[in-house]
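Below you'll find the structures, each written out as structure tokens.
Both of the next two complexes hold subunit A, though its partner changes from subunit B to subunit C.
Let's turn to the complex of A and B:
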């Protein structure tokens, strides 16, 4: 039984990553209807940005602040120069563009940095673990859960409960009307995209000390994150967060009972959810 | 008179064609070498583009092009998928007229290409893949397993650790051909030396997060956690084990397959003290250091792993055999490579056995402490040398039919192999029986008696 508690907690930690990543994707995918395949590459960019900052002498806390800003700015540039031209077309064009960008980022980084990855040392404040009796919980992983919950709740609050969020939700439902009210809709969309990308980069910085900072780190995780967003329901921020944590736990339990299936269980769940509730668990039919 | 001139001309043409045919047995006049590797995923750094560099260096160092032969080196990415690797191998052999495939990290892909190479009668020189089945039940007359294998790793690393007190093991295994072979071979060594395997877990390939599996390893209370995985999987396992206080809790990690590039990626503070087995290290002697310097200049400063060294050594020996035979027919060249002893600046003197296993010494290495290292790639100290005759599985134990045949002929019949083959083929000819129908067909038609 004790081993099970440990697995549940580990599942929760993974779920925290999934939640943070799917939050950014839910904002972009759910609200703006942009299929952002670059999300995984932007997560990787965040991690690499943190590593590069470390080479310049700026530590973890600086990276937490600067990396999302830098990568978010890159996201804004991508949106302004490339994505905004595709809004009038079928969503699939956005998919193709972002997928191509992801491959380019990955290829360039693999070329310069190799695939084995770079080491990112855990910041000293986080070394050591809490002895919970049934397992050792590394301090850093506890911080990940905490930070993830804070970021997710804060984002949900801004989008669902503030005026700014209300404008954003209105702008995605009916842009022409909202623009008629004098709100600069294109700029809002650009900044929202940048914000979603910054969230991905933040997840990347948090991942850097525990996973190898490698060019493929995004490709491995992006498919799972898309599945999480689909299960949670498009357009639902809370859905993405809750599904992220829940699926982390489901995956953790699978790793305990039948590890060979652990990389596919999320997709099995996605298939079932799509059959039963096509709009996702918390989504609204469009 | 007319009849005679005609016959003379015909004879002349036949003679000319005959001699021409005897010399121009290099198919399409080009020796085409295909480097099939992982160019984009978790095994890229230990093999990948570096293997292509190593192959090209071998071609240049052999000097074969100065003696009138044309050699071409091409490469492709098998993406760690057996179906992709098989499709590339087929296309290379059928359409692009490739004569030999080298490298192939990923045992699943290697086993698939192994079978295809045998069907097409070409040659396959494996440096990157690990499964000992390539010289065991899956052995063919067309494949040579060059650099290392799971048995050597199990025996070297596993044996050394059990003898120093690590007698209970828990395995974290990459769930495909390689991981399963490595776990099987290491478990056998552990039990043979009086140890016990208390548990294990199979993990999908290219997994990012090992926390759940490390927790299970911790609760098993095994003294040693054996990592039957490689590349990115191993580095992630080791990094995360440090986080979860595995070593502080009294358990030790056994990296069963670790490469120079993995240690470099982990960094000495995390990797220090790791003990494992390799068959090549760039800093062993002046010749290996000279090679490493040239290699690093061509591969972005990366120093060669044993996989890269193996590709170099294998291609060098292959070209020697092709030149000696004046032919690039796969089955015949492989047989010639088994006949000729090997000698190169990286592995020294060695040989290739009947079952396709290349023999050379193995080295038990330990990762240096940060204070002991004087350079970016100064990462190992050599703890022990395992002599060549003890490093690899005895031929009789592998279950390879080629080995059985040769052992039967030489030990039971007491005959010299060449005599035996001559007798068999004469008999078949006398009875006008096709090789496939004769009761002794298997003996005459394997490369043991390559004709």
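Let's turn to the complex of A and C:
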């Protein structure tokens, strides 16, 4: 039983990262119509940013604040200088460009830091664990689950329930019309991309103490997140969040009941969803 | 998708006429026949030809069907594993081993195709990538692939009982023949009524549907053909290099073939081959590292270079090498 709860917890943690990353992908896709292949690399950049800040003596909380800003700013530059040239073309070019950028980031970091991972020391205040009676819950893991839920819900709230979010949704439907109402849509697109990227970086900082900070960490997770996105469908923000957490749990359960399949289970779920509901669980056929 | 196709249209290079194709193939064949005597390393050309066939097969789907698969490495790699296993463990002669690998890729292509053609555009790319990753994990765990080691020391054997493939020159000409068969087949497919319908679907799917063409069936058929030919390339490659390894099923290999096609010119007949020669050439040229000014780059910088070529191609060079040349040639007249 102890092992089952342990794997469930691991699943929830993974699910928290899947949810935050697929949320960022969905937000970016909604407005830019681009699948951001660099998302994994930007997650990796966030983790490395935290690690580098720690070398300079700036701890976890500083990283949580600074890494998303720095990586988000890099994202803004990428959007301004490159992505914005591609909006009139086939969407596939956006995918190819961001794939190329991901290779560049990953390659440069592999060359400077090697492919072996760097350990990120857990902040003092998170050492120890809560005793829940049936299992021990390490404090940091509790924090990651809580924080990711807060981030996801806050993002959902801003997009679905505020005026800013209403502009965003309107621009998703019909950018020309929204621009005619006097809203600066290109700037909104830039900031949206920056926000999505910052979300990836934030996830990266949160992941740093749990996983090794390694150049390949993004590539490994992004393909799974793509499958999560296909399963959930990119139609809704809530759908991205729910399917992220749910699939993390499914993966955790598989690790307990049939470990051999744990690395492939999400892809199998994707295949089944495609057969039954091609548009994804929360998606609309467009 | 309609708007995307329209904005994409001006970038398409003029189609290659059968006459140009025949002239091109004759020149190419002549060059490749004498190449081993021109002090060019045959192993290098064999590698480039295998990747060239792989990229041409991929281009059949992207360039003529408008479908971007981001998981084509699964066909290359699976076929490689099966043919290596068949040649080494079952002791099959090379022609049957290659056939076994190709058939395996065709079957895999049919299974993946059924799933992938349910979505279009970006989703299609993500689905193929995810399914390829699944195959990668399978190959990592399955006992017969020997995990990280791969299947090594695959015997080349005697083809049809007479051609001794352990002789590099004999192997070279066999690879050349396999490549030419695959290459001409692709040209034939593109210029058949089937290929025309495929192009019609790429340009405007609703219109093709309204004309009574079952778009999904055409897409599925082109997917299986592309997978099969990619498998032929992978199976041949395994016999040539006597090795089947995880590199060939990894996602970076799927990216590599996209890059070859993009650089050479997608939707052109000769483009992917040119792209394959350039990339494989760069790779072997840079295998000892390179220097820009006083800054030395090791061979591990190749990933970064790949990424830079991707970015440059997408931003400034979307027609690719062959696409730009044909465009320039057409505008001169």
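In this text, the second predicted complex is superposed on the first by the 278 of 286 C-alpha atoms of A that agree within 3 Å, B and C clash if a C-alpha of one lies under 4 Å from a C-alpha of the other, contacts with A are read in each partner's own complex, and residues count from 1 in each chain.
Throughout what follows, a contact is a pair of C-beta atoms (placed from the backbone, for glycine too) under 8 Å apart; a residue touches a chain by one contact, two chains touch by 3 or more.
Since this is a predicted model, take the numbers as computed values, not measurements.
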Subunit A as common anchor, with subunit B and subunit C clashing or fitting: clash
Touched partner set for A:221, first subunit B, second subunit C, both or neither: first
Touching partner for A:110 - first (subunit B), second (subunit C), both, neither: both
Contacts of A:91 with subunit B and subunit C, given as first, second, both or neither: second
Superposed model, subunit C segment overlapping subunit B, candidates 1-9, 109-117, 145-153 or 199-207: 145-153
On subunit A, positions contacted by subunit B and by subunit C: 110, 260, 263
Residue ranges of subunit A in contact with subunit B within the complex: 2-3, 6-7, 10-11, 13-14, 110, 114-119, 121-122, 129, 135-136, 138, 140-141, 210-212, 214, 216-217, 220-221, 252, 255-256, 259-260, 262-263
Complex contacts: residues of subunit C adjacent to subunit A: 4-5, 7-8, 68, 70, 115, 118-119, 121-123, 125-127, 129-131, 133-134, 137-138, 140-141, 251, 255, 258, 262, 298, 300-304, 306-311, 313-315, 318
Subunit C partner contacts - residues on subunit A that touch it in the complex: 29, 35, 82, 85-86, 88-93, 95-97, 99-108, 110-111, 219, 223-224, 226-227, 229-230, 260, 263-264, 266-268, 270-271, 274-275, 278
Sites on subunit B touched by subunit A in the complex: 40-46, 48, 175, 201-204, 206-209, 211-213, 215-216, 218-219, 231-232, 235-236, 239-240, 243-245, 249, 261-262, 264-267, 269-270, 300, 302
